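Residue numbering begins at 1 within each chain, and the chains themselves are lettered A, B, C and D in the order written.
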Amino acid sequence: MKRSPRTVISVDLAKNPRSQQVLHNRWHPDLLPVASVQPGEVFRVECVDWTGGQIGNNDSAEDVLNLDLSQCHYLSGPVHVEGAEPGDYLEVEILEIQPLQGHEWGYTGIFDVKNGGGFLFDYFPKAGKAVWDFEGIYASSRHIPGVRFPGLIHPGILGTAPSQELLNKWNHREAELVAKDPNRVPALAYLPDDKGSFLGALENQPGVARRKAAEAARTIPPREHGGNCDIKNLSRGSRVWLPVYVPGAKLSVGDLHFSQGDGEISFCGAIEMAGAITFKTKLIKNGMSLHGNLRNPIFMPGPVEPRFSRYITFEGISVDEQGVQHHLDATVSFKQAVLNCIDYFKRFGYTGEQIYLLLSCCPCEGRVNAIVDSPNACCSISIPTEIFDFDVTPQDGGHLVKVTTNCPISDVQKQ
Amino acid sequence: MKRSPRTVISVDLAKNPRSQQVLHNRWHPDLLPVASVQPGEVFRVECVDWTGGQIGNNDSAEDVLNLDLSQCHYLSGPVHVEGAEPGDYLEVEILEIQPLQGHEWGYTGIFDVKNGGGFLFDYFPKAGKAVWDFEGIYASSRHIPGVRFPGLIHPGILGTAPSQELLNKWNHREAELVAKDPNRVPALAYLPDDKGSFLGALENQPGVARRKAAEAARTIPPREHGGNCDIKNLSRGSRVWLPVYVPGAKLSVGDLHFSQGDGEISFCGAIEMAGAITFKTKLIKNGMSLHGNLRNPIFMPGPVEPRFSRYITFEGISVDEQGVQHHLDATVSFKQAVLNCIDYFKRFGYTGEQIYLLLSCCPCEGRVNAIVDSPNACCSISIPTEIFDFDVTPQDGGHLVKVTTNCPISDVQKQ
Amino acid sequence: MKRSPRTVISVDLAKNPRSQQVLHNRWHPDLLPVASVQPGEVFRVECVDWTGGQIGNNDSAEDVLNLDLSQCHYLSGPVHVEGAEPGDYLEVEILEIQPLQGHEWGYTGIFDVKNGGGFLFDYFPKAGKAVWDFEGIYASSRHIPGVRFPGLIHPGILGTAPSQELLNKWNHREAELVAKDPNRVPALAYLPDDKGSFLGALENQPGVARRKAAEAARTIPPREHGGNCDIKNLSRGSRVWLPVYVPGAKLSVGDLHFSQGDGEISFCGAIEMAGAITFKTKLIKNGMSLHGNLRNPIFMPGPVEPRFSRYITFEGISVDEQGVQHHLDATVSFKQAVLNCIDYFKRFGYTGEQIYLLLSCCPCEGRVNAIVDSPNACCSISIPTEIFDFDVTPQDGGHLVKVTTNCPISDVQKQ
Amino acid sequence: MKRSPRTVISVDLAKNPRSQQVLHNRWHPDLLPVASVQPGEVFRVECVDWTGGQIGNNDSAEDVLNLDLSQCHYLSGPVHVEGAEPGDYLEVEILEIQPLQGHEWGYTGIFDVKNGGGFLFDYFPKAGKAVWDFEGIYASSRHIPGVRFPGLIHPGILGTAPSQELLNKWNHREAELVAKDPNRVPALAYLPDDKGSFLGALENQPGVARRKAAEAARTIPPREHGGNCDIKNLSRGSRVWLPVYVPGAKLSVGDLHFSQGDGEISFCGAIEMAGAITFKTKLIKNGMSLHGNLRNPIFMPGPVEPRFSRYITFEGISVDEQGVQHHLDATVSFKQAVLNCIDYFKRFGYTGEQIYLLLSCCPCEGRVNAIVDSPNACCSISIPTEIFDFDVTPQDGGHLVKVTTNCPISDVQKQ
């Protein structure tokens, strides 16, 4: 007889995350496992939201303005997988993800340019927010009227612990990047910083914890081990093959998203939530060398993604807003596609901030359509038209204004 | 009683494209229309392949090596749409696309680095080729065994004529780019060049034609008017809203693809073919200003795309192959995803060239998954597993070599 | 601020269902509401499995053999919807359905021919059973190896209370049918029967309860009010329009299925489970007359059904197994399709019982393909090939036996 | 080098079908092959419409009223497949289907009750017609405004020749059925009848042809060999496994449909057209016994079916329009679902005839949802809402009349 999934990590949303040693907010090989599982075992992990409760279900963006990024992301783990050894692939199957019962809501934020910013920080420098209510599979927001969509629920962060060698490599290459423009706002990268760090059970040994925190990697970017991939299609039924760098793999997870758009453009762009995720693992011994020694994880999306039949697509090319021609620059092209889309949807009465938030979190697709047609890369963003409760296709006579309310925007900026 | 679609442009594949004045290979406001249609009329346009017949159905890559890029792309048109005026949107519905009967084949090429190159010209500098046979909706190749897939047939190029003002803007900005590194191989952009140019019916006035050709835009990049977007989802049943810049719109089409992968990475990367396309147009008067004065076309994909249920996805981050950290660079990230994918598929016995060609033309999806997680953008490429006739998922013990033949590669390089 | 969904009905799986007055197992206009909701309110209802706990997670079919059908189905409700009046449509949106945490399993049964039987009772007269374990979205069974599939989770039963007039009509027409062959095994229909009945809060008034039970409708068939429709596509995100016959609508729900095949052929054919369902309702005043006075509910399936890309399809025509030609009889045709399918899958080593159970509960599609080609209706059953972990398409040399274990079958028959 | 598909059967729509010996309209083992193909060869077959040109592109239903059913269906073939022997499976891959260029239109008909009738002959006894124009992948009709849909193009008839033994069996069992009610209108089955028969090349031997015609099977029903299955999903990319009963298999095809709904309820219910179909075959030696000796063909649908994301679904149960309760009768249930649907759509101004025709030919799905819930089978019909250009979901206040024109109906009845 099979037993029900064992909950190997529980969290308490009413408590300070820093009092819960099943959490941590840095990557380091020496983090202490807080649970242990067998390959093949089905297990359940609870997660706080990525900020550890800093954002409220209210109508103000002040909490986003003042959020302490140095504390993010609070992850659940690490989980020791028995038998995992460096060089293996850890196959992780994501069997289910849900909000925690009683906490059926989430939020999307625009970060202030001086506090992380986002893809369009030059256009939207102030903090903003939208709160989303979950009605079963659906999300809707009092701050962005006229839309409702089914969640493509997934973890923003899923990763194994790096080896010391890999950690050193990360720190080296990222420091070199920052050195090119150390005072840039937003920063070019987030280097190790003990401030705000929390290393879970290691915190019982404060001296050790501080020493490790000084070199532990921040959780903002995705890297070789997985990490903050923010891949929206890593949803129910997906399988991921993560490289194993330390004995036991030390799997951590967090930053659960009820939904996200490709690009996650406003940075805190998904619908962020607390929740629970159910996993099953399998080891592929020596999987890394057997499969080409790739530099990043592999995955297969699951079979129950929401499907839409009609999308409206906006293109962008490698000519920036000032008319300057770049060479096959997908980042510039994708930015133009997003800007085109925002301009388009303003015709319905939405503000730029609302669409910026919406594109961050609705199930839109960001594509690299062509990367070879010198000098213009063609990128695009596609929005399912069915998420709107009115017709958004181009039409004779244009469109009437339908939307007359805005989302909360902070009226000051961060010092 | 409705009549059958009228074929407004016919081509003869047995003839030199330069003898067929329904073709042209440059963009210019003064090109002479070769047909005229009413909005609402269903009409059919025949197209030669983009090279005008320079590539053969054979087992050698010498024709790709020696291809004269200055002649590309041969487009059909322009078609005058009655009533179209600058500022309108021309809604173009793509009703059907097919290979020409008796010519049920196509090709994918890797261009020599000295003749255009491709996204991975540094890895694959030599010319290569795969020929594809069409069996109804399916394509398969004697040069890339083990795969077969349904075509997502579409035009690589669809565009209206630029105004003189817009043309001037293109020429200015692209010249500025080239000026940054005029001797780069491959070139940063392709500037106007009378060599190889062919302006259709204008060629009857050689003096005029030469003068216009000296400023006419090359067809390689996508631009504000559409052009070489190479968007694989612009298939049967799609609608595109193209800006109108000149009276009559002057719609041109060509570069038909039986299939293409997102990115079209090997440059001549789609399955290139001759064929016929059926259109219906509609005018949205003053559509540009009514819809936000976007800088690029909008489109909606059609309802009969091939659908797959399982994909294998490879990620890349903004750390290049030399380990250098870049800042949120989607081009670098997408390149890493592609390189990971190529390494992976080598385990089955494929050569790098074969997978480079395959990713260029099979229905794979290239995504911008996250563009905000400093310093790493996360991009990915996803391949439908069902196009292979063997299991390609990661597995215990790795994979056996299945493929033992290669595609043609040129054994010399272009001087 | 929106509140979390209110759980308006809770059940206790450890208790006898007959001790829980939020349950009932007959349809009657005078049942007492156990909860009340406002239109627009999101609410959650817990349900026991349809038998109220008569079937165990074990390896014997004796509990199916001895199941007391007179007690089925235990439904949760009725729920009073404020403002609902006869003639309205009650729009019910199914927002979420899940197994109860700690009870992640279900079962599929073949009923003994003397205890209800099933579509193929003449072939499979003995009781049988398969137990399914849920791993998040997936189900697999130790009794039917080689298959695993994502659930298309839905309620088998969802309905409003009939008016007294409608109830009388049901009882009259069903009694007329039974009168045609009163001793048939299985019975032609299940008429009102006080034995086993349980009328929820009405049981506090035993005399009244017994009097109502004598005329209350059994829950086996679907009828005008919804009821046991067993429509597998009534899953997450669906909307149903139910006619309202009594003030407050008196909505009841139960018989939750983790998955079901079209036809639910083995009768207890879905994967039966206990679980919770989340609803939102809306009233369409006078909706029945406004929408054509239909005799049955309308519904729209939701956006997150599992999707498959390949099916294997078996046809049947209106010639029965004895070779007798019937006239456009879809029931005969569908039976032949099912029999063809069972014969086909035996080639892999499955027993007939295993495939009978599998077709009952896996996401297979049963179609009426053609109903006019005299004398043969063409019906079909289509199985997604991806649910099997081996290739099931026809092939040269046929198939090897892969499956060597059977499911539990009762070795006696019911007296 | 692969050659283009060979056209092995050509037809001339301007000629009388009876003058074209590549056609035939009866099934018989002794028909003479008109073409021969190798397994693995890609070949193309042209087909006339099923009536051989009896129906015109006009606004009158008189041609449907007077259609000579004894001549139907004109099929192309038989094609001899080299090496095929009785007992083999002939795998037929449908690679492409298209209307013939210059003939981009089709029709749907309601047959007069005295001339074949249809599923609802008791409600719609008069002849009716809708003509459909094809615009590439789309069909629309001046006779049924407000709808447009992509075709799911397929052959209504695809089959091998029966053996003499199988033919005898058919004739025997169908004669037994007719004998039960020989004078029924419409007839219970269509028995062999020399009148109207056309046996292709056998007609060169008039005596032989008349003798064979006297026993040759009519083409109306599907049978063990395939035949008139009218399965709408047998579209591009499908594979069918047909039993082989005679040396060379003798494959015939015809009755091409641009689109059809499940059930094809109005009998001439698909969008009937002339066209061309491209095949590839493969032999599975002894496939019949290797795969369970099924009594009907197997097939797998292809990957490019039009996909829709929203359907509106109408149910029916086994209670007929007079209120009589039947026992698990799927035919009765499906009829009720269809009648509910017709009543519903009348609210938009459509006539019953228009919806009867539309359900016959649009991509609607007919399901056997539950066949075990005594006494009611639950069947349903689901219409993609996206085929309408207005909102068809139930709503407050009901619906406005949008449609004010009708389709042609014959004002007399057949004598």
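Throughout what follows, a residue touches a chain if its C-beta (ideal position, glycine included) is under 8 Å from a C-beta of that chain, and two chains touch if they have at least 3 such contacts.
On a predicted model such as this, the values are computed, not experimentally measured, just so you know.
Engineer: Hey, how far apart are subunit B and subunit D in touch steps, shortest way?
Structural biologist: The fewest steps needed to get from subunit B to subunit D is 1.
Engineer: For A-B, which listed pair, B-C, B-D or C-D, repeats its interface with over half of the contact pairs the same?
Structural biologist: C-D
Engineer: Taking the mean of the C-alpha atoms as each chain's centre, how many Å separate subunit A from subunit D?
Structural biologist: Taking the average C-alpha coordinate of subunit A and of subunit D, the gap between them is 51 Å.
Engineer: I'd like the Å distance between the centres of subunit C and subunit D, where a centre is the mean of that chain's Cα atoms.
Structural biologist: Centres of subunit C and subunit D (C-alpha means) sit 32 Å apart.
Engineer: Measuring from the mean C-alpha position of subunit A to the mean C-alpha position of subunit C, what distance in angstrom results?
Structural biologist: Subunit A and subunit C have C-alpha centres separated by 39 Å.
Engineer: Could you pull out the residues of subunit C that touch at least 2 other chains?
Structural biologist: 303, 307-310, 386
Engineer: For subunit A, which residues are in contact with subunit D within the complex?
Structural biologist: The contact residues of subunit A facing subunit D are 307-310, 386.
Engineer: Under the stated contact criterion, what part of subunit D meets subunit B in this complex?
Structural biologist: 1-2, 4-5, 42, 57-58, 94-96, 98, 101-105, 133, 135-138, 150, 236-237, 278, 280, 302-308, 386
Engineer: Which stretch or stretches of subunit B touch subunit A in the complex?
Structural biologist: These residues of subunit B touch subunit A: 89, 91, 118-119, 169, 173-174, 176-177, 186-190, 220-224, 228-233, 241, 262-267, 269, 284-285, 287, 290-301, 303, 309-317, 319, 323-331, 334, 336-337, 339-340, 343-344, 346-347, 365-380, 382, 385, 393-399.
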